[in-house]
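First chain A sits with chain B, and in the next complex the same chain sits with chain C.
Moving on to the complex of A and B:
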């Protein structure tokens, strides 16, 4: 099923008509194509979280229209109509281990599919499969989620969302607070899942390295407005613009810029990932010396 | 979540904001007591003038006060209706079984309504212009004499400060967990009573867990920074009683005197 997400002139205001009124999204028109891996970047308070909560109808726009697949969300959409949408859009919130509550790990993972109409047995089968996907040992499944380590709890929470078998997977800083190894494992797992199941992934992150490495589409928000969108190489093409908006380059890109400054060499295209950086430098070493400028 | 106005502080820099929280606390209580002395329309006009005057001095948007009344409107109307239909005296306009609509009933109803509105306005003014922690500080200071009779004043005020401090945190947390569970297919506030009770479990368990974790962290952080009980502890924010506070008290006392005068008009 095609599940493109289209925002048309979406505004969202918190507590409208009160002294605490605050406009969180301002005239956002964006498109997240089916099967894309879209990164949403911007500072704290730029409206990323508000944007995310529109994707499964937790928030409805104050004005404007959102299409998610066949579902249309307008300010008038009723809560009842959104149940179907939530089945298709899985959101892994920041620090999702805070949502664990069941007696056992397996029950917690099976919670969402049961809510969405699967029988007890079906839900458990899915839960076992998802536990395996995220790399949880079988012996953990009958334990209480509160006995696990932080990293394991994170995996349980993620498995709990994957168990909904969503077509759109929304990740809000899914690796925040994890060690580098856990970070890499989880990001690689999402990449694998996306390819295997042809998911649409929306990733909110401050890790520009992850943006460069995994995303094929980037949306940049600033103070509730969309200030840029495009492929990572388009977004990272202008270092000055990034500095102006307090955004960083991926580490490989920074290294490459520094390299250019020190050596006078100009890269044909600025490498953004370690792999492309290594390749370009390798071909440079093989192809000819560094030109001093 | 953000609809709760009770205890919401709006920072500002007016005479009322700058007053000593002790003065504000005392005057709020004082006001609630003297309201019960008012017994004719002149005295209510006086109290309204005092309230409006205080609100103007605080330079806070009047919409806040209307909003403060709104959640209590049903309670107010219920009490007012009781007054109207169950008090007798004066001309009776209408009678049906135990109910009767009399002149006194109407007057009493109007007075009760005014009392409610005035009390809500004044207490809203206190919480709008005074940071919660300042109120806790003021309470601690005012309760100090109770130490003599072994009331654990420091502990009470610490509990109060911590509770106040964590209300917004807990509300944020609740909103977050509700969102997470709604995304997992929980419908809050829908379905039969049984279903609704069941829907609370996935909300309450995480809230309890995070509150306990937070309490532990807080205790560790306090100990790490050398907290050893309140005895002999100095304050970061020290409140000084200033001329403005005395003047404020004077205004209220004058109002009390006029009020006593008006009572026997």
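Moving on to the complex of A and C:
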């Protein structure tokens, strides 16, 4: 099923008509294509979290329209109408392990499918499959989630979201607090899940290296407005623009610029990952195109 | 002078069978910036919670700023230590930013006049004064963390403990927090203990201790620790970019130097390589 997300002229104001009124989203028109891996980036306070909460109707726009697949969310949409939407959009919030509550890991993962009408048995089958998908050993399933390590708890929480079998997976800094090994494993896991299950992924992150490595589409927010969208190459093409908007290049891009400045060599396209940087250096070194001699 | 001294510390969590720390010793010098690294579960957070008296050891002795940590002295010890945790959402108590920073001062019975001055100074220092009347719920994670830091600065502790406190900040926010910490360390000689997976944060330290399974497996200056390259990921530190690039260059059959190179060093080395062409 096509599950593109389209924002049309969306505004969101916290506590309207009070002294605390604050406009968090301003006239956002954006598209997250079906099957894309979209990174949502922006400086502190840019409105990323508010944007995110519109994706499954936790917040409704103050004005404007959001399409998620066939579902339409407007300011008038009632909570009752949002149940269906929430089956399709799974959000992994920051520190999702804080929401674990069941006696055992398997019960925790099975909670959502049961809640959405599956039988106990069906829910447990789904839960076992999801546990396997996120790399949790069978022996952990009967344990209390609170006996597990931080990284394992994170996996249980993610499996719980996946058990809803969403078509859109929204990740809000999903690796915050994990060690580098855990971070890499979780990011690679999302990449695999996206490919295997043909998910649409929306990733909120500050890690520009992850944007370059995993995303194919980027939306940049600043003070509640969308200031750019495009592929990572397009977004990272203008270093000066990034600086003006308090955004960083991926480390490989930064390194590439310094290399160009020092050596006078020019890369065909600005490398954004270590892999691409190393390849381009090798190609320059072996006389690929720019060799002068 | 040692501001923290841990002697023969033994500790385990109630439900666990194995000891988290067994006969553990560590001294931290006054004014030092010590980075503690290690993978998740290596005991980093447990260690700083023991220092702050949030957890009680089974046996052994912890001395902070000359005070031996006991159930009776725990509040004195805590008055010497400011602790910033990872998740800013768990450390807000005030109805707005200003109140939140004032909370700790009220607890410490600081006179109102001085309190107002300290709150303002602390918030200006972290660049959050303009948000003084904002409600915390409306702030982003990075802004909340700066407020948490202001709350600690206002209390003028001798030791600041950062428990992955910058891990949720955007790059600019992280730099600004580190800048504040550097000032506190260098100008005001505060002792800094930072638990981190971040190479930039660790490179600010004068000393890096690597924990594994409740044991100190390395204790050295940052450059020595960073020279381990890609294997750093196993001890819980994101390898420096230059080391990751080296690995990819090797795959491209380019011969790379063994020793640790900073980013600038790496650019220079490549420049020489290209010059030889």
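Quick notes on this structure:
Going forward, the second predicted complex is superposed on the first by the 287 of 293 C-alpha atoms of A that agree within 3 Å, B and C clash if a C-alpha of one lies under 4 Å from a C-alpha of the other, contacts with A are read in each partner's own complex, and residues count from 1 in each chain.
The criterion applied here is as follows: a contact is a pair of C-beta atoms (placed from the backbone, for glycine too) under 8 Å apart; a residue touches a chain by one contact, two chains touch by 3 or more.
Bear in mind the structure is a predicted one, so any value in this text is a computation, not a measurement.
Partners chain B and chain C, once the complexes are superposed on chain A, run into each other and clash. Judged by the touch definition given at the top, the superposed model places A:56 against chain B, while chain C stays out of reach. Once the two complexes are laid over each other on the shared chain, residue contacts for A:284 go to chain C alone; chain B is not touched.
Shared-chain residue A:20: touches chain B and chain C both. Of the two partner chains placed around the shared chain by superposition, chain B is the only one that A:83 touches, whereas chain C remains out of contact. Counting residues of chain A touched by each partner, chain B versus chain C, the larger count belongs to C. Comparing the listed stretches 1-9, 73-81, 163-171 or 235-243 of chain C against chain B after superposition, the clashing one is 73-81.
In the superposition on chain A, the residues of chain A touched by chain B in one structure and by chain C in the other are 14, 20.
Residue ranges of chain A in contact with chain C, taken from their complex: 14, 20, 22, 43-46, 48-49, 94-95, 147, 149-151, 173, 176-182, 184, 206, 208, 246, 248, 251-252, 255, 258-259, 262-263, 265, 274-275, 277-279, 281-282, 284-285, 291, 293.
Residues 14-15, 18-20, 53, 56, 58, 79, 83, 86-87, 89-91, 93, 96, 98-101, 111-112, 115-116, 146, 160-161, 164 of chain A are the ones that touch chain B when the two sit in their complex. The touching residues of chain C, when paired with chain A in their complex, are 15, 39-41, 86-87, 135, 138-143, 164, 167-173, 197, 232-234, 236-239, 241, 244-245, 247-249, 251-254, 263-264, 266-268, 270-271, 273-274, 277. Residues 2-3, 10, 61, 63-64, 67, 173, 176-177, 179-187, 190, 201-202, 205-206, 209-210 of chain B touch chain A in their complex.
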